[in-house]
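Note that chain A is present in both complexes that follow, paired respectively with chain B and with chain C.
Coming up: the complex of A and B.
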């Protein structure tokens, strides 16, 4: 009987691989979909402000103000534009030509020489609050760097009451893409994994082939397992392709070990595929299954995984809900692996959560899918 | 061959089988207390129109659905208690054959051999045997999706037979398949019955297949209307079936006979009218109909369908499927040789595929013209071109005097079209469907109201006026669809597979209306894969693979198949004869 079960299983596996080869839709979901999404969203999504047009208004130009504005000119974040007075700068901001105004008052140089602490005026376009905060931060950084440099030049200690020695760890370039792309991979893999199994199972329902399969000695767990194995391999292939794109095309560093990456990806893939199987036991046609997969995996993962929106700043209730989004754990793992390395204190709890989710989804799919049509 | 030893347990025992379905809060009873037994070693036909509950019963036996009441014993096992045990011993072919279309014939066989636990050592011999039996030997490398309907059906059958099952369930294997494949399937089954101890349960909506079975379970609306040997069914009405003939036109004769007391069924069969009487003692037919003093009744052996109709008739006596009076002839009927439709050298290609290949025919006013052929013969493509929905690749066609290549819209105004699946708006009520279709035909104001009132009256729609149309029984949907197609009083009516799957009473009622329309001068074009439906036509063409193989009146086409062995061939015999003779037969 053992042999018969094995033969049934290998028969189903062979069938599945033949179908994957002949019907390119599964390959498209596994490889083309992640590559395209990653390229499009990866290129487009960036939370950095680079080359922001800034109006510089210097009331009394001299050597000191020139050294200050020089700092702006060297900064990759700004594209300084000179305006003669504050009125014309404000008009430019209203017209959307500049995002911020940096104003050096007439006593700038005098106060800088007197106590090394020269105030500047900053006006930021606050329409996009996030951008405004970023720009404000960048301006402040340029300003304090300049103050510190001035102080060093004069052999004094920094004039600021608190010397913010900001050293950015893990992402020294403070490039938002470096942390967005790993999250994006998690997001895309959630969709791919769920779509793969949901669609192929729904296809069998739709074409009536499952009905014929069921009236043999085959057991439901054999049917499910024969779906899981090939699409697991396919999903991992898609994952590998995505990581390759991230590292070689986007130049994202990979500081963790490949072994840990593979292991945690496998756990996540099982959870995503399990989700897909679960969906297909409710939705028995491909269109509905596809819709449900997108709504229940991609959208929650986008909003609730911490990929863009910081989980810690969400309301308590929403924070609680994020725990049932598998992508949340994978986003944390991937961001850590890519940018920081094998940080076990992050990886282990998240991997454990993924393992639990995989078990829950697969067990639920197994429990709900009967060898019956009703 | 029925088994004679009574001590043998039945292969299948159904006891008070109940099954309900829930659709939109409504509880629909699919099967209502079915009790029956299927003897081992027999072919039992599970026969009934669409919606009778055949597929549900098949799935219950296969353990694919849960029972709501009663019990099913298959091969000595309780299906509810041990579905896996039963599934290991039976073969099941679902309606769509359960094949993987992107796997080859061989790969499909391999898969099912693996699933049924056929040892690799015995496979070559088993494959060879099945491929020989099904004639699929030369096609083992072909993808299942690229097989014809008949070949798919045989491959589906071969897949269920790899590990010889004790009980074989075939769910409507012959629906939509060409008659040659249908006949071959029956030959395969007969061969199996002779060489193995198989029991077969065979569901079908074709009533003529009952006569090939050892026993029959007749299902109608979820109830068992009868069970027994087919001979027992026909025995009940022995001496009550006749062929009537008279000077009167056959259609008028049929109409008069239908309303004659003591006649429970009258249908056109060839040049005669087939009549079933309420009792074996009948008065002198000469006095039945005023216009037909020459009416003669010749006794003819009863058919299975006659007994089904007789049983339905007894049941429906009180509910009364109302038959409305024939509309008065508008124009002198059947008079002209005036061509309403003429098609010459018409072809339609889709890429390399030739769907319709150089066909020509013409149809006269007031004629019922049939296009007979299996699925994929090119009937629907021809139809779409005639309706101006699809431009032809070459050839010419004229409908109601308009050249369809130039004036499709004008021609369409004279055409009524009833599509295969009736194309009603399922979520709208009956009344709203009537309103919608009449305004789609640009009827307005009083005229629109007149036509809607006419439809309600003529098709007896009053009791169901506010019902949602998707919940209607098939027969009512068909009536409503016909009413919608007739809103603008078209000269030409196109009917695409109008009665496939509806029960024989509904089919009769439908044809009674169509006959009435033809009498009043409407030209009717019908496609059908129902061989018997061809009997209703004045003229018909037989189509296969995009070509016309025969043209003529049904009587003349049937004559092609007449041999000393079959002096009175059926339309199916004729179809097969025509397909097997290469040259085109014109027997007009």
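Coming up: the complex of A and C.
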């Protein structure tokens, strides 16, 4: 009996593998989708502002204003453009030619020499609030280095009494790509996992081949398992390819161990495939299954996973909701594995959550397929 | 002829809306996602957990600590007694920053030497790391200037007077929520057209459609109009929620926004129909829909600025309709733009729509053989 069950199962497996080979779209989902998306998007996502076009308006140029604007010219964050008056600078900002205006009024130098606290007008385009805030930070840096340089020049102490040093752990260059690419892998693997399995059960329902299978002695458990195994292998292959691209092409550091990476990826892949199987068994027709897959995978994994938007900044209710998004746990694991290393206090709870989600999805898929059988 | 197109349109609407699951999927999730994403998608920091290691313990440093405890941006969760737990706290993400105040802090302040303060920041999310440093620097600068004023030290020669145009409080919801209009409109449109032709191909009903007296253009109308109708209605609901629920100011012409919306839905419909007619199976169509949707959203400027992308990717975004529509939405909402300010965004979408729709219609018959 044992042997018969095993033979049945290998027969089913063979069928699945043949089906995969016959329609190349499964192979495309596993390898082409991650590679293409990672290559294009990996070059695209960045929150680091460099060479921001900024309008400099100096109404009375002299040595003091020149020393200030000189600091802008040296800064890698800015590309200064000169404007004669504030009106033309405002017009340039409205036209999108500059992101910010730095304005030294005509009495700037006089007031600076007389009483100090001479105002420097800074106007940023606030439409992209995040970008605007980063730009404000960079302006502030330019201002404080200029103050220090001025003081040194006059042989005085720095007018700011604090000496602030910053140390950024794990990502000393504060390059946003280093944190976005690991998150991107989690996002892409969510899609791959769900896409691989979202349609497979629905297709069999739609074509009636599942009923044909049901009249044989094959058990539902075996049918689902036979679907899971080949797609799991494909998904893990895609994951390996993605990690290779991240490390060798984008130069993202990999500080965790491969063993932990493989283990947690396997858990995540089971959860993602399980979700696909669940969608598929629930919808029973490919069109609806496809619609559900589009809706439940991409945008939640994009916005609610911590890939770009920090979960800690969200309101409590929304933070609570993010717990049903499997990608959330994988993003946390991947960001830590890539940038920090095997930090167990981050990896264990997140891996546990992934395991629970995998079990729930697979059990639910199994449960609703069974119910419809009789 | 119009009667036939109308009949086809009704049939298409029925296939989309008659299936209960499909109806639920089209209407429920986009509206739920609007509410959740509207609150979730923010770059603003709020109660970031930090720890302070104050080695100085005098009135001056306690005053600095109070500046941090009083800030709504930070939430001081631990006052450390030694530097040992610092790395662990950051590694485990319990805190995002540790502020270390040097034992020489007060002595240096009083003797006029720069007083050392160190920030140790978790860099795993580099954007948050930069923002944390920015906020902390603001607090430190305020403290420094206040100290100077109290001690009668000469003020710095110049100070910054910073203002933000169009979004004075730099609330990132003002940037993100209008973007969600584009995001969800594209989603709904793709849900309707992304697999529609492929489904009929797979079940064989598309061949039947092709042998009716309907011309390709009529089929195109029948297939495309439902997404225009449903996409338009859902977009209207989302725009209304943006204005009245999320309180985002709508400063420009609504008509200019709707003209952009029309062109956007038409161009996404064209792309969706093209993918759908290229595919032989629904699985291929779904793959195609994802291969378009994911890069089009991430490379649209929705969350990360296009100006930060590498150059060839920036060129690639020119064929992405969402890029143009996002500019339109934000310009109309925040900058108060009218028709004339948006022509540079309108025509590329019109071109994309035209090319993809013609290609889709051409592909209808091409695939028959």
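Just so we're on the same page, the second predicted complex is superposed on the first by the 288 of 374 C-alpha atoms of A that agree within 3 Å, B and C clash if a C-alpha of one lies under 4 Å from a C-alpha of the other, contacts with A are read in each partner's own complex, and residues count from 1 in each chain.
The rule we apply is simple: a residue touches a chain if its C-beta (ideal position, glycine included) is under 8 Å from a C-beta of that chain, and two chains touch if they have at least 3 such contacts.
Keep in mind that this is a model prediction, so the values were computed, not measured.
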item	value
Which of chain B and chain C A:361 touches, first, second, both or neither	neither
Which superposed partner A:78 touches (first chain B, second chain C, both, neither)	neither
Which superposed partner A:15 touches (first chain B, second chain C, both, neither)	first
Contacts of A:23 with chain B and chain C, given as first, second, both or neither	both
First, second, both or neither for A:232, with chain B first and chain C second	neither
Which superposed partner A:217 touches (first chain B, second chain C, both, neither)	first
Which partner reaches more residues of chain A (counting touched residues only), chain B or chain C	C
Which superposed partner A:268 touches (first chain B, second chain C, both, neither)	neither
Touched partner set for A:335, first chain B, second chain C, both or neither	second
Which of chain B and chain C A:205 touches, first, second, both or neither	neither
Chain A positions touched by chain B in one structure and by chain C in the second	23
Chain A-facing residues of chain C, complex	19, 21-22, 25-26, 29-30, 33, 36-37, 39-46, 48-49, 87-88, 90-93, 96, 108-109, 112-131, 133-134, 137-138, 140-141, 143-145, 147-148, 153-168, 170-172, 174-175, 183, 187, 190-191, 194-195, 199, 202, 281-287, 289-291, 293-295, 297-299, 303-305, 307-310, 312-313, 316, 330, 334-335
Of chain B, residues touching chain A in the complex	59, 62-66, 83-84, 87-88, 90-103, 107, 110-117, 143, 156, 159, 169
Partner chain C, residues of chain A touching it in the complex	23, 25-26, 28-29, 33, 36-37, 40-41, 43-50, 52, 64, 68, 93-94, 108, 112-113, 115-134, 136-137, 139-140, 143-144, 147, 150, 157-172, 174-176, 178-180, 187-188, 191, 195, 198-199, 203, 283, 285-288, 290-296, 298-300, 302-304, 306, 308-310, 312-315, 317-318, 321-322, 332, 335-336, 339-340, 343, 345-346
Chain A residues within the chain B interface of the complex	4, 7-8, 10-12, 14-15, 18-19, 22-23, 207-209, 211-219, 371-374
